[in-house]
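Can you keep this structure in mind? I'll have questions shortly.
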Amino acid sequence: MTYIATYRDQITRIQVKETEPNRFRVALGDKEFEVDFLEPQRNILSLLIDGRSYEVDVDAVETSDNFGVMLKGDHYEIEVVEERKKKLALKMAAGASGRQDLKSPMAGNVKTILVRPGESVSAGQVLLILEAMKMQNEIKSPIDGIIGSVTAREGVTVSLGDPLCVVDPLPQ
Amino acid sequence: MTYIATYRDQITRIQVKETEPNRFRVALGDKEFEVDFLEPQRNILSLLIDGRSYEVDVDAVETSDNFGVMLKGDHYEIEVVEERKKKLALKMAAGASGRQDLKSPMAGNVKTILVRPGESVSAGQVLLILEAMKMQNEIKSPIDGIIGSVTAREGVTVSLGDPLCVVDPLPQ
Amino acid sequence: MFKKILIANRGEIAIRVHRACCELGVPTVAIFSEADRAALHVRVCDEAYCVGPAPSRQSYLNIDRILEVAKLTGADAIHPGYGFLSENAEFAERCAALGITFIGPNTKAIRVMGNKTTSRVAVAEMNVPLVPGMKENLRDEAHAMEWAERIGLPLMMKAAAGGGGKGMRMVTRLQDVPAAFRAAQSEGLSFFGDGSVYLERYVESPRHIEIQVLGDKHGNIIYFPERECSIQRRHQKVIEEAPSTIVDEAMRRAMGEAAVKAARSVGYDSAGTVEFIVSGKSREFFFLEMNTRLQVEHPITEMITGVDLCKEMIKSAAGDPLPFTQGDITLSGHAIECRIYAEDPDNNFLPTPGKIVGLRVPGGPWVRDESGMYEGLDVPIHYDPMLSKLVVWGSTRERAISRMLRALGEYAVKGIKTTIPFHARVIGSEAFAQGDFDTHYIDNHFRPADAARPMPHEDIALIAAAIQAFRRDKDRAQHLMGGQPNGQEHSAWKSSGRVRR
Amino acid sequence: MFKKILIANRGEIAIRVHRACCELGVPTVAIFSEADRAALHVRVCDEAYCVGPAPSRQSYLNIDRILEVAKLTGADAIHPGYGFLSENAEFAERCAALGITFIGPNTKAIRVMGNKTTSRVAVAEMNVPLVPGMKENLRDEAHAMEWAERIGLPLMMKAAAGGGGKGMRMVTRLQDVPAAFRAAQSEGLSFFGDGSVYLERYVESPRHIEIQVLGDKHGNIIYFPERECSIQRRHQKVIEEAPSTIVDEAMRRAMGEAAVKAARSVGYDSAGTVEFIVSGKSREFFFLEMNTRLQVEHPITEMITGVDLCKEMIKSAAGDPLPFTQGDITLSGHAIECRIYAEDPDNNFLPTPGKIVGLRVPGGPWVRDESGMYEGLDVPIHYDPMLSKLVVWGSTRERAISRMLRALGEYAVKGIKTTIPFHARVIGSEAFAQGDFDTHYIDNHFRPADAARPMPHEDIALIAAAIQAFRRDKDRAQHLMGGQPNGQEHSAWKSSGRVRR
C-alpha cells in the first residue's frame, strides 16, 4: 500500500509491505526500513528497526486519518492517507473555502463569550474563554474574518472537539 | 434475582436487587447489605458497603459459573448459580458417577507419565509430572481407582485446564 | 495515637497521607465529591464518604458535611493535606470545638501567617530579614507613590492576602505605580476578598528557597536543609530540589535559624514551611511567607534526611514530642522532584483532562512516585491538574539529575498529554545542570528555546503511523470480506479511548 | 567508561542493569529469546537482538550467538546479571579473547569460588572460618562413614558442585550415611554433571547471613553491612533484610573482615557476595560459598548505605578505582526485600504463567519496585517465576516492616496469582516481628499455620461474586432482547484473559 503522510505541512510518500507476520518493509521517500513490529499493549508499539528499539505510543481514531504519535518525549501529529484518496482530497480542497470551524481544544466550561455573530474579528483576537482545572484559556481567532455562528453557550460544559464557533474569512 | 453460592462446600442463598444504577441491595442469608458499586477497571470492583471501602478483583469466565475473588490478599473460589438452575443441577448430579477428569492446574510441559490405562491407583499416588518455570510438579490421583484414558503425552506442552487423564472410581 | 483519621483532600496528597496513616496503623476515612467516586483515594482508604457535587465549594470545602462524616465515622483527627481547607483557621476551630484534632498548627499561627502583612510584622519582631519595604498597607495611590520613592525601584506591588503569583505587579517606572496599585487591589479583592496592598523592593535574579520546619506541642522546633524551588512557570513551582546549589553550610544554618525564629513568632507546633526570596547576586535572603501546612514538595526533604515528615506531623499532632533534635538532622545526597501535570507543554500548557488508558510508572533505585493515577482513571476537569510527583534521590546532584532523566524516560502515561517530556528537557538543559537559574528561567529563557527544539525521530514516527494505517486498512478489507482480523489481539484502528480534534 | 554494554539477561535484572547504564550515559543492547519479544527489557534498551528459541540453552546460554551480537553492535562490555552466564568462566574468557570486558570478577575467582571444595580450600588458607568438616571429596561409602564418625552428628552430605538447595542431604543417624552419599552423588551428577560429594557439620538454628563485597582492579576490596536471608522456602530465599537482628557492631566487623579475606583469596575485583551460615544459638559464623556476581538481593544493601552497587560494579569493571574507602560505608536504617513470584501460595506454590491483565505497583516514600512486569505481559513458562522484587527502607526495622506491609497491600497484579499476599502474612507474623526465625521457619513453622488462617472477608467476596453474576445475567438478558448492555464500559462477564479450570 502507498500512503501520503503529512507532518507539519511536509508531505512524504510511504510504501508499506507486510513481508511476514509482524514484519514490515517500509519505504519512506527513497529510504527503506525493515521493521520488526509488535503491539504489546493496545496502541503502544514496539518497533525494532536495524536493531534499534523504539517504543511508540500511537493515538488513532477510527473515523479519522490523523495519528498522534508520541516517541521519546516528542509528539507528532501526522495525517496518513492512501495515495489515491489523497489525490482526490487535494482536488476537492482546491475549491473549498477558508471557513474556520473552531473546536474546543479541551474539555472545560465556557466561561465568557466575547463575540457575536456578524462581528468582525482580527487574527489573534480572543473570541471566548474556557475554564478547566482552575485555569482560564483564551480561544483566539486564527484569521481575520467575520463571526459566522456561535455554538458555545456561557456556563455550559464542552468536551474536547466540540464546536465553539465559526469564523468566515473576509470576502476576497 | 436469587442465587445459590457455593464456597468451600458451604452453600449460601443470595438475593441481588439493583435499586438504582450502580446501587445494589444484597441479602446474604438473613443479612442485608446496601452496596455502592463501581467497576473502575475491568473486573476490578470498588464496593462501598456501610461506608467501608473494598477493592475486589473478580476473575470470571463467560462459560462458567465460577468466580475467583481476590480480596485483601485472600482468594475465594465461589460458584454462583441461579437458584432454579442449581436445583436442576443438584438433581442431575445425584445420578452421576464419581469419575475424575484430571485437568492441568497450570501451563507447562508434560515431563513424565507414570501410569497407563487400566492401571489401579490409590489416592495420592503420583500419576504424572508437569514442568514449568524450572519447577517440577506432581499430579496426584484424588481417589482410589483405575486409570481410564490418558490424554497427556510426554514432552508435549499443555495449557491451564487441558485434560490430562481420567481416573474411574473402583466398582462399588 | 489517633483512633481514626479523616483525610480532607483528594489526589496524590490524600494517598500520601493515607500511606502515612497506614504505616502508623491508623485507619483512614476518605471523602470524595461526586466527580471522584472512581478516584484512587476512595479505593485505598478504609472508609469513604461522598461529601457533595463536583465543585470544590460544595464538596472538598464543605465544612459542615466533612465534620458530619468525621462525627459519623468516629474520626478523632482530620488531616487537611495542602490546598482546600489546609490553611483555613475557621475549619481548624470548628474541628477543635467538636473535640477533633486538626492535624496542623495552632489557629493563631494559621491566621497570622495567612496574611502577608500580619506575618511580616510577626517575623520582623523576631529579627527575621524582610525584603526592604513597608509593614503596613497602602492607603491610596498617593501613599503608594510616596512609598515607591522611599524604597526605590524596581518594586513589587503586592496584595496582602495574595499567593501563587496572583495579585502581584512588578513596577520598574514610577509613573506605573498608580495603575499597579489599582490592579493589585482589584485582583486581591476578586481572588481573595481582600483589597489590601503593599510595596516592597524587587529582588534581582530572585531565587525561591524555603526551609521546612517541624514543631511539636512541647515547644520544640527544628529546621531541615533548604529546598530550592526557583524552577517556576508563571509563578508556579514546577521542579524542586534539595539542597540548593547556591547555599553553603553557613547560609543553610542562617536560613534555618531564621526559619525557626519565624515559626517561634507564632508558637508553631506542626510541619510548616518558611519561604524566602534569595538574591542570586548577593545571596541575601528575605522572608516571603510561611505556609502553615505540609508542602507539595515535602518529599525531597524526606529523601535527603530520611525523616518521614508526614508521619512526624501526625505524631506531633497526637502530642508526641519530636523524636529528634536539631543535631540529629543530617543532609545526605541530593533529591529532585518534578510535578507532573495534565497539561500539554507543546500547546501553551492547556489542561488535558481525560482518560488514562495506559500507565507505566518508573521504578528502580531511589525513584519515588507520589501519584493518584491508575490505568482507567478519568482525570476530572474540576480540580488542580497535578497528576503525580516524581521524586528521585542520588548521592550527588549529577547522579540525581541522571536518575531523574532516566525515570522521566520510563514514565509512560497514555491517553492524555502530560508535562513529563517537558520536565525531561528542563532537567536536561545546560542551565539546570549548572544550577544557573532564577525564578524567571522557564518563562524568559527556557520556553522560547524549547519551542524551537529539533524533533529527531520524525522518520520513526512516520513509519509507525504508516504501519498503523496499513494494519487498519488491512483489518477493514478483511472485515469487508468476512475474514478474521490479523493475529494481534486488538486491532490497531480501535480508538484508544480519546477523541482527537 | 564503556561505549556500549550488552546485557546478557532478561527479566527484572536486565531492567536493573539497563537503568544503571542509562544513568551512566552508556547505551545498552538487549538480547532476547523468541519467547521474550514482548518483554520489557526489549522495549526499554536502546538496541535489541533475538538470540534464539525459548529454551535458555538455545538463547540466554547461547554463548556463540551472544558474542556475535556483541561484535555486531560494537558493545565493548557485557553485563551478565545473575543466573545464566553470570558465573560461567568459559564465557568470561571468551569475552576477554574478543577484547570485550566481562562485567564481573577475574576468571580465576569465578572458577575457584564456583566449586565448593576449591573455594573452601582457598578461604581456609586466609583463616576464614569453615563449618567443621572435610576439605577433600569423599572417595566412597566407607570413606563417608569414617568422616561422619570423625565430624559427629548431625551432618550435611553435600555435592561439591551443588547450589540452590540441590544435592544436599541432612543426616541424623550414622546408618543413613551410605544412602545419603549415593543420593547426593547422583543429584550432583544429574544437576551439575559432577558427582563429587563431601561432609560437614550441620549447624543448629541455622541462619543464612551474607556479606556484600566490592573490589576494583587496583587491589581495593571493601565490605558492606550484612544481609539476613534466612526466610527461605525449600532452600530458596524469599525475603531478605538488612541489617540482621542477630548481628551487632562487633560481629558485623568480624564478618565483614572475614568476607574481605575470602575475596582477597582470589584477588576479587568486582561486586560479589560471601555467604555465611550462622548458628542462631552460638552466633558462630562459617563460610558457605561466595557468589561471584551481583546478587538478587543487592538492593537492600543499596538502601541502607546509599551506594548504587550495580553502577559501582560497572565502573569498577571499566577500571575506575573505588570512589570510597571502608570508613565511608555507613549503615542507615533498615531495608527489606520481598521476591514476588508467579506462584500460587495457596496451591503448593504451583507456577502461574499467564497474562498480566491489570497492574498497580506500590509507590510513595521509600518503596522501590524492581520489576520486569507491565500490564499486558504474558509471563512465559520457560524461565524463573520471579516477577519483581519489592524493596522498602525505613528508619527503623519496625518502620520498614509497617512500610512493607503497606506496600504489599498496594501491589495489585491481576490475571495471575502471585506470592504477594503470602509475603504480607510472613512479614506480619509475630516471629518475623521478633526477628526470631531460622532457615527452617517457613517450611516447618509458618506454612502449616498459614494454611489454617481465617478468611475474614467471606461475606464481601460472596457479595462481589453475586453482583457480578447478576450483572452478567442482566447483560445476557438485554442482549437476547436486542438491548444495550448496562452503563459500564466493559461488561462483567467478559473474560479477563485467563482461562480458569
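Letters A, B, C and D mark the chains as written, and numbering starts fresh at 1 in each.
Methods note: a residue touches a chain if its C-beta (ideal position, glycine included) is under 8 Å from a C-beta of that chain, and two chains touch if they have at least 3 such contacts.
The structure displayed is predicted, hence computed values, not measured ones.
Q: Measuring between mean CA coordinates, which chain is farthest from subunit C?
A: Farthest from subunit C by mean C-alpha position: B.
Q: So the centre of each chain is just the mean of its C-alpha atoms; given that, what is the distance between subunit B and subunit C in Å?
A: 49
Q: CA centre of subunit A versus CA centre of subunit C: separation in Å?
A: A distance of 33 Å separates the two centres.
Q: Tell me, which residues of subunit A touch at least two other chains?
A: Touching at least two other chains: 41-42, 55.
Q: Which residues does subunit D have that touch at least 2 chains other than itself?
A: Residue numbers touching two or more other chains: 44, 358, 374-375, 409.
Q: Which chains are in touch, pair by pair?
A: Contacting pairs: A-C, A-D, B-C, B-D, C-D.
Q: Mind listing the subunit D positions that touch subunit B in their complex?
A: 342, 346-348, 350-354, 357-358, 381-385, 408-409, 412, 414, 417, 420-421, 424-425, 455-470, 472-474, 486-490, 492-496, 498-501
Q: Which of the residues in subunit A come into contact with subunit D in the complex?
A: Counting only subunit A, the residues touching subunit D are 38, 40-42, 46, 48, 51-53, 55.
Q: Which subunit D residues qualify as touching subunit C in the complex?
A: Touch residues, subunit D against subunit C: 15-16, 19, 22-25, 44, 299, 302, 306-308, 310, 332-333, 358-361, 363-371, 374-375, 395, 399, 402-403, 406, 409-410.
Q: Which part of subunit D faces subunit A closely enough to touch in the complex?
A: Residues in contact with subunit A: 29-30, 37-38, 42-49, 72-73, 374-377.
Q: Going by the contact rule at the top, pick out the subunit A residues touching subunit C in the complex.
A: These residues of subunit A touch subunit C: 1, 3, 5, 7, 12, 14, 16, 18, 21-22, 24, 26, 28, 31, 33, 35, 37, 39, 41-45, 47, 49, 54-62, 64-76, 78, 80, 82, 103-109, 132-135, 137, 157, 159-161.
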